[in-house]
Amino acid sequence: MPVNEEFKPTIVAFCCNWCSYAGADLSGTNRLQYPANVKIIRIPCSCRLNPMFVLRAFQRGADGVILCGCHPGDCHYTTGNYYARRRMTLLFSMLDFLGIERERTRVEWVSAAEGAKFAATMNDFSATIHKLGPNRRLEDLRCRKD
Amino acid sequence: MQRVGVFVCWCGSNIAATVDVEKVAEVLAKEPGVVFSTNYQYMCSQAGQEMIQESIAKYNLTGVVICSCSPRMHENTFRKTCEKAGLNPYMVEIANIREQCSWIHKDKETATEKAVILGRAAIAKVHLNAPLTSGTSPVKKRALVIGGGIAGIQTALDIADAGFDVDIVEKEPTIGGKMTQIDKTFPTLDCAACILTPKMVDAAQNEKIHIYSYSEVSSVKGFVGNFKVTIKKKARYVDETKCTGCGLCTEKCPQKKVPNAFNLGLDNRRAIYIPFAQAVPKVATIDADYCTMLKSGKCGVCSKVCTAGAIDYTQKDAFIEQEYGAIVVATGFNPIKLDQYDEFAYSQSPDVVTSLEFERLMNAAGPTGGTLLRPSDGQHPHTIVFVQCVGSRCDDSKGKPYCSKICCMYTAKHAMLCREKYPDTDVYVFYIDVRTPGKNFDEFYRRAVEEYGVHYVKGMVGKVVPENGKLKVQASDLIGNQQLHIDADMVVLAAAIEPDKSARPLATMLTASMDTNDFFTEAHPKLRPVESPTAGIFLSGACQGPKDIPETVAQASAAAAKVIGLLNKDHLVCNPCTAQPDELMCNGCSSCEKVCPYGAITYVDKEFRGPNRTTLLRRVAQVNPAVCQGCGACTVACPSGAMDLKGFSNKQIMAEVDAICR
Amino acid sequence: MIDTIKRISGVNPRKCMKCGKCTASCPAFERMQFHPHQFVDMVENGRIHELMNSEGIDFCLSCFACVERCPRNVEPAKVIEAVRLAVVRQQGGAHLTPDEIPALLDDELPQQAITAAFRKYRK
Amino acid sequence: MQERLKQKATQLLENGTVDRILGWKAGEFFYDLTPAVFTTKEQIEKDFVFNVFAGANLSKYLIAESRKGGKVAAFIKPCDSYSFQQLLKEHRIWRDNVYVVGVQCDGMCDAAKLGDGVLSVKEEGENLIVDTLYGEKTVLKADAIADRCASCKSKKIVIFDELIGEQGEETENDRFGEIARLEAMSPEERFEFWRGELSRCIRCNACRNVCPACSCEKCVFDNANSGVRNKAAADSFEENMFHIIRAFHVTGRCTDCGECSRVCPQNIPLHLLNRKMIKDINELYGPYQAGADMDTKPPLTNFTVDDCEPSIVHERGGQ
């Protein structure tokens, strides 16, 4: 990566297979643009997101991590996103408590029909991360790219 | 390390227009483990698939990465392709470079760069994939229907009709449920008994159907295709095989002061009883709470008069174990208790009745022989006030938040029947909204107003005060902007309906989910309305939500169709992406079990080798792969990381993270 | 104004399903120009001045029958009370604005009087 | 107190109630009483110690002890009883093999508060008689009480077979005051604060080894498959990661016994991380005390449909 190039954040989006991944597909089908630095990882359900994955992403150089799942009450597995909601709330709170920018983490509920919401969310999140600049507080120096 | 083949699809110009597919294939070819990398116009075409299959053989591929459209589109196609070429279908990973790349980006360089990264993530994942095989589990070709009302009967008849054995478990001494207590049915006004009792007889005579009356489900184990159920047959103190249903005992029993539950306590019956003339099975039952013989050991009249020798005072509850492939819940509803609504004076005056009680008062087989008489003095009522939405559509603290759905129609029916039989009565119906969305429903309601002259008043009754043999009703007429004061002879309350009390413990046994109102939840509100999210559990009738008879029967048959579909299979193919605990690391702490929505996790005490030739007994989790749906909730709840999900393992997901962040 | 009534009363009139049980329960029905359910409806629709100027708002006994009976916990009596309070608060509605002051000033007038008047009339 | 405990221990051994006693014995220094198992009257006579430095929480040792066959009696202080019950709830301790003797506790002392050159300490009523290199001095017990005991959450022994001393009640405390102070800081200040603390971590694993909630059969940090296997922190990320993951693993299970901070050789206030999670759980999902009972569902394996959204972290106070 050229040194002088503008900061291109790396954003990892974990999407549940049933709602949000389909919502992401729909925003593709509708040709709704969002930044290329958002990369999606498919997981079966939002409750599959282990907090360790979030840390891992930050360690390996992610500047923002977002979790997308079915709207509460619509989980394909009935209750998964309720557990994810609690777990992520507490994880984000702990990261915030450690002084890590709370804006780097987010949870958004995106249904399979909300392609537009998916794209809008990613645009907004990407802009937020862009403003924050590179993740420095929770990075592993050995994985630093620049 | 796998030998990976990478196949980049152009999707015509869908991908190739914005992604430099050749470059992607070229760059990915340099990834570790990639032994072959190519691109092609349409991977999903016959030619494309053949190319994949040939490459698997030629390069001895153990993993395949396809950079193409969304896996939701063609993952299964490519899995089958590879399976035909002898590769395990779960050794295929898709990199979504169409919906999530070429279609959302315009700049070719950016899109190409992203496609490469998505490809890398898929390659990283496929290196950690393991061949998975779907297990199968046999299906027990027998169904259980819990609840013998119209829903349960219809479901059982339809399943039996398809040639499968069905058991009905009914907690009352007879099947038939609420419909047996109803007089006429809307919107056709045919008599409920005339259409129900033949079905009850059909069920009893069908050799595929076995009825466990006066019985309850006491435990459920197992999973879809293999439920093990214990049924408790409550002691009725009458040998069902001997009793002829002659009814002599029910006439001779000296204990005459037992409130008749069938008539909702409006009259009395004996301690030994047959609920009603058309009961199925037509067998007497002794009410142990009232029987003098059972309470004090003195009496024995029924035993003496019974010529069949069917009375058995020593009978005990019996437990029957049976195996089923599918379970249908048809536990139905009850009207709510009205203690909370004392403004309507329900507990103060016998002339304030619920709609179900009113059914009995109108019924030819009811306590008044079908003549409408006031319970207090046996006189004909001349002014009757109907109050709708009693306890329905309330704030949570004041009653049920939902609409009970059936009240508008049965109240119209009641009002109409009153006016038809007794044209001299004044009938008022106080409503908030009249809801009649059903075939011929609104026409029915309009007939009540236009032809029968029922006074429909938009408003609500504020209070009812019994005074000098009359019921002083104070109500609002919102359209007339006045307050009405009516001297009524009877007040009929359309009480909200709620799920039967037995439903909640049953749901726990079945690990089937319920909403906050104790209605069973369906697997999908639109697309899977008769299935519970728990595999093998189906829903029939009002246990799933308020329903009228036509809707109940429709759902009952729909549930039967689903059960037949399941029982027709000899084996169920299980989802291979299931959770798997590492017993060596499992703490046995039960965290995973608590979050499992399917009850797939159980625990066993197992011996492990400890240091110095000792053995250690440890509690460890076990996952039933036939039940697990692979959501992964347990994997994250597990504190020690002993639980992992096949196909989406911790390592696989982390490898994807690493590849993306690289 | 709607917000004021909502804030004073703590009532969300949108919860009302227009069943009229409040009005059916009201012992002061005859004396009131507008009835409990109308209060809720009119607050929702912003017709508050009509309510404030209506006859009989003081005839509400605050017996809370409507609150007790309301199936949706809307609490009409609190809305009526809030309207009464609104009436009380607007009394002496002669407002004093800062640009009116210069004209009113004269040398004799103590500074304190201006401050006091301002305090009293600015509400 | 020590004599009463010794008597009870001897009695339980002699009448055959149990065949082992879990208690404390003297450690290397006067202030580091060490958990120990006693099997004979003689051992008890000789080595059993209980005093104001018996802070060690014995509940964790019962995971192993309760599985060894035979029956073990353990002396459990109020805060240990929460840990004990939490472990029972997680099916870690075999209850049938444990005889719990509840011991009321007035708070343990912190040797660091006694000053330098301390040789030995004797209890005398409300005072401690401290023998130092520079002569004897008297210190009020209350002045030497450990911080975690000064903000004691409860004197209630939530589970026991027998009590020594009186049953206590949950106490009013301001244990979240420190958390609130940190919350009020700017993220930059908080980051600096924690960097300052966590960068001292030498990964000795004392916190992990002493923590009753950290009792996995195999720790994720020792497990190659977990993806976070890590023995020593190579840089700031790994210093943070260890403590974040550890705190998160015990979230909803930590009883706030404070052992982690007590044993930390670098004096890192690790309990603050756990307390932050407890405070959040209390505020967001309703009061919850791990180990207080056997039935309440742990907050992370429970939910309500109306739970707050994770964005609450962005919305609420702080800066």
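In order of appearance the chains are A, B, C and D, and numbering begins at 1 in each one.
Just so we're on the same page, a contact is a pair of C-beta atoms (placed from the backbone, for glycine too) under 8 Å apart; a residue touches a chain by one contact, two chains touch by 3 or more.
Predicted model only: the values in this text are computed from it and were never measured.
Undergrad: By the touch criterion stated at the start, how many steps lie between subunit C and subunit D on the shortest route?
TA: The distance in steps between these two chains is 2.
Undergrad: Decide which interface, A-D or B-D, involves more C-beta pairs in contact, and give its chain pair.
TA: Comparing B-D with A-D, the pair joined by more C-beta contacts is A-D.
Undergrad: Need the CA-centroid distance for the pair subunit B / subunit C, whole Å please.
TA: 49
Undergrad: Using CA atom averages as chain centres, what separation in Å is found between subunit A and subunit D?
TA: 36
Undergrad: Where in subunit A do residues touch two or more of the other chains?
TA: 51-52, 56, 79, 83, 87
Undergrad: Could you list which residues of subunit C touch at least two other chains?
TA: none
Undergrad: Residues of subunit B that touch two or more other chains: which are they?
TA: As it turns out, subunit B has residues touching two or more other chains at 595, 637, 650, 654.
Undergrad: Which pairs of chains touch one another in this structure?
TA: Every pair of chains in contact is listed here: A-B, A-D, B-C, B-D.
Undergrad: Inside the complex, what are the residues of subunit B that reach subunit C?
TA: Answer in residue numbers: 343, 389, 393-395, 397-399, 432, 458-463, 474-476, 478, 481, 483.
Undergrad: Which residues of subunit B touch subunit D once you look at their complex with the stated criterion?
TA: Counting only subunit B, the residues touching subunit D are 516, 582, 584-591, 594-595, 603, 616-619, 637, 639-642, 644, 650-651, 654.
Undergrad: Would you pull the subunit A residues touching subunit B in the complex into a rising list?
TA: Per the stated touch rule, the residues are 10, 12, 17, 21-22, 24-29, 31-34, 36, 39-45, 47-53, 56-57, 60-62, 76-80, 83, 87, 119, 143.
Undergrad: Can you check the complex and tell me which residues of subunit D touch subunit A?
TA: 182-183, 187-195, 220, 226-228, 234-238, 240-241, 244-245, 247-248, 251, 273, 276-277, 280-281, 284-285, 299-305, 307-314, 318
Undergrad: Give every residue of subunit C touching subunit B within the complex, in rising order.
TA: Per the touch definition, subunit C meets subunit B at residues 15, 17-26, 29-30, 35, 37, 65, 69-73.
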